[in-house]
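Chain naming follows the written order as A, B, C, D, E and F, and within any one chain the residues start at number 1.
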Amino acid sequence: MRALIIGRWQPFHNGHLSIIKEISNEVDEIIIGIGSAQKSHSLDNPFTAGERIMMIIKSLKKYNFPYYVIPIKDIEFNAVWVSYVEALTPPFDIVYSGNALVKELFEEKGYEVRKPKLYNRTEYSGTEIRKRIINNEDWKHLIPNGVINVIDEIDGENRIKRLNMKDYDIIE
Amino acid sequence: MRALIIGRWQPFHNGHLSIIKEISNEVDEIIIGIGSAQKSHSLDNPFTAGERIMMIIKSLKKYNFPYYVIPIKDIEFNAVWVSYVEALTPPFDIVYSGNALVKELFEEKGYEVRKPKLYNRTEYSGTEIRKRIINNEDWKHLIPNGVINVIDEIDGENRIKRLNMKDYDIIE
Amino acid sequence: MRALIIGRWQPFHNGHLSIIKEISNEVDEIIIGIGSAQKSHSLDNPFTAGERIMMIIKSLKKYNFPYYVIPIKDIEFNAVWVSYVEALTPPFDIVYSGNALVKELFEEKGYEVRKPKLYNRTEYSGTEIRKRIINNEDWKHLIPNGVINVIDEIDGENRIKRLNMKDYDIIE
Amino acid sequence: MRALIIGRWQPFHNGHLSIIKEISNEVDEIIIGIGSAQKSHSLDNPFTAGERIMMIIKSLKKYNFPYYVIPIKDIEFNAVWVSYVEALTPPFDIVYSGNALVKELFEEKGYEVRKPKLYNRTEYSGTEIRKRIINNEDWKHLIPNGVINVIDEIDGENRIKRLNMKDYDIIE
Amino acid sequence: MRALIIGRWQPFHNGHLSIIKEISNEVDEIIIGIGSAQKSHSLDNPFTAGERIMMIIKSLKKYNFPYYVIPIKDIEFNAVWVSYVEALTPPFDIVYSGNALVKELFEEKGYEVRKPKLYNRTEYSGTEIRKRIINNEDWKHLIPNGVINVIDEIDGENRIKRLNMKDYDIIE
Amino acid sequence: MRALIIGRWQPFHNGHLSIIKEISNEVDEIIIGIGSAQKSHSLDNPFTAGERIMMIIKSLKKYNFPYYVIPIKDIEFNAVWVSYVEALTPPFDIVYSGNALVKELFEEKGYEVRKPKLYNRTEYSGTEIRKRIINNEDWKHLIPNGVINVIDEIDGENRIKRLNMKDYDIIE
């Protein structure tokens, strides 16, 4: 049995990791979709698809369950989106999502949609981690070591801080 | 003489029907464009283009005036949009619209733009009908029977209610 | 029971008409897809989607069976194409097609695909009719009167002849 | 040495002109990108790419420095955007921008990004000029004569006023 | 009076230059469209839009007539193409083209289409010049000095030769 | 050191596997790009991106080198393509390719491009394997067991045979 879970993983954190590990106990193989794959270099979506793939693979390499990591860009066409996801992924039976639209779209196509179990949502949150990076607060304990290494390799901490700078002198 | 009217028809209701009937007295043929054809499965745009086409054709079948129903997706390029509409439709002379942008775009290309007569705008409104469906208030008297049948066939009432559910546990 | 048939209808001719009439005896409603909707002004695809819609509706107006005419552009993504068609059309059960790719794509999604019965394929052929127009041979007996009127309204005969002219002096 | 500056130039005004003139003293050739080239006919972006190109070329024709004016549409894919700009422009060394995202994207690719010097930002502002046109306040002293001529040729003043009209009777 | 001429200019050569100069005697301003702007790095289309813009501007700088150089990508939608060109260019009255499709599309929209006068078509031809570069034959006398400089700046001669190399060991 | 190799893998075969294994001895991590990711259901490209990802991951799971498998669709814009690949992948230093265009595009951006070593190109070829499937000749010894399982799971052998059927009765 294969399951699909799609997130933006901006960045991949310990809450994400524990969801994935829990799902790995319930299914044979996990397909991890990188949502909004075309987005990067904004405060909400600082990392490219390639960088997010690297984060996930580095974080999962010590685990033994089989998985796929696949970038999926937004297509702005809800009625076609499930088919678009199917074209890019191995066949799957179950979808993990807590999003009402994703649930509706997959259930209309006959998929079972399950609710992922989330822990410590206050701290294990992409928004919270990006905020801490901007404010120079502690954030490294919230993400796997593999992700820290990737953020270091691409100088991601400074990218987020620079993107947060006021447009000091925009041409209007 | 052929006229064009473009709406989103989410859903097609009795106010829409009376506009179309009134226009049918003024022109020989009516082209009914389904605007934002790529949109569906959101609270503002719950129905697909195919579903909306079916609603309109079922509602108009007892009338004898000639008409066309044509889906038109958003192209996000205003200066080209009139030409895009022209490519998908039979030639037309008049446009019915109360929207300032649509009026400007067609008038710049030399079309006559007329103002449609609207009745009872408080109740005959897509927003109002979608709100009533969510709140379990009466709504079926506001739309043609043909549309009720389509919404039943596709279980549209529940789709809107499910889309309205809180994201109970989103992955962030 | 609703059936789908997709063609390019360049132009809609008597062979097409007899297929549609025959299908109307087998199903309740027919969805007529205008394939390659974005194509026009070439020798193989001289007419726009709007012009082809008009040809079909003019040709069918004396018949009483219910039908839909819907433009469908090429999306160059086979695995998603059936879902794209579904988004633009009312729900359907059966597909009429003699094309191996179309048959495969719809059958993989669980649709029944039936073979349309074609008559007099030598003359009832878009290619043949376009060739006759270029060569000033008789062609009007091969298409419905409604189509002749449309081709006259848009000066289609001369469009095809002009498109056939040699690039007399191209800039290279 | 060639420099790139990208703006929306809605419309091109005296503040823009003085920036360009100042840059012309620092580099050999200037590439002037027309950002959001696909946008027009909205209150924030009233003019087409073609109209904006004309405004700039008319305004610069009495100066002797070499420049290029190139329309660049939004591609909604930040990580690819610099490469997209490079494909449409002559090679360049320096980018003038006061926008944090543009600065980040070009600096990550190794470009030097300089801050343009802006004068009298209260009046020399596209937003201010569009507001004055709507309110029938003086605005012609804020833009070059060449731009006034273009706005006259395309009846741009009335376009903006018409786009500002309330949707007097929208179909909903 | 403004005229439009669209070519691929792969590369811009002396035949092109003499056409442009001749047109400059007939109209007030010339809009030079860079067709297939998205194409580059192939044997038929070796140069990017940016490189071709640079070739043209360098070649024309010693002449005094007013002109615009505007990249125009292929949109694969003939019925919309004229409108797309209009959105990117200043308004124009006349089109110079020897291509049957371009002629048809602009004439259907009411433009006057004129035939450009071509000289020495055997040698003044993009195909011929690209062939000579590959075969190490003389080609520099066929193009303006400005173009030679651009091809040198971007090492274009070797790009064409490398693109001509056999796929020595393709993965199939 | 990370390397990129892009192929269409239609299907992934033993020749591909031996290239990947050889590269794994030369670099730390391999990024395997699925080229033409949007293509499927044709004789040249029978398998979807999702199916090809599954083939590769099943074939490599017994090896211990780190790798990424990433779908990359065609964008028909050569000058931007390298940047598009970079956005979807982890950073890399080396590209393996025997294709002249790929070599040129990556070398212009400063990458080292190496030639992959191919074995037994007559039999280890996607074209050859697809031909054998059509002709009911032996083909399973040419591909890894993991790929055989995938082709079985999706009934790929019959898909190819059905796609090879003559259009028995196409509507023209």
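Definition applied: a contact is a pair of C-beta atoms (placed from the backbone, for glycine too) under 8 Å apart; a residue touches a chain by one contact, two chains touch by 3 or more.
Because the structure is predicted, anything quoted here is derived from the model rather than measured.
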{"item": "Set of chains whose contacts include both chain F and chain B", "value": "A, C, D, E"}
{"item": "Distance between chain centroids, defined by C-alpha means - chain A, chain F (Å)", "value": "26"}
{"item": "Mean-CA-position distance for chain E and chain B (Å)", "value": "44"}
{"item": "Residue list for chain F, restricted to those that touch at least two other chains", "value": "38, 40, 48, 77, 79, 86-87"}
{"item": "Arrangement of touching chains [line / ring / star / complete / other]", "value": "other"}
{"item": "Pairs of chains found to touch, sorted by chain label", "value": "A-B, A-C, A-D, A-F, B-C, B-D, B-E, C-E, C-F, D-E, D-F, E-F"}
{"item": "Interfacial residue positions of chain E with respect to chain C in the complex", "value": "5, 7, 16, 19, 76-79, 97-101, 103-105, 107-108, 115-116, 118, 121, 125-127"}
{"item": "Chain A-facing residues of chain F, complex", "value": "37-38, 40, 48-51, 53-54, 57, 61, 66, 68-71, 86-91, 153-154"}
{"item": "Complex interface listing, chain B residues touching chain A", "value": "38-42, 48, 159, 162-172"}
{"item": "Partner chain B, residues of chain E touching it in the complex", "value": "77, 79-80, 82-84, 86-87"}
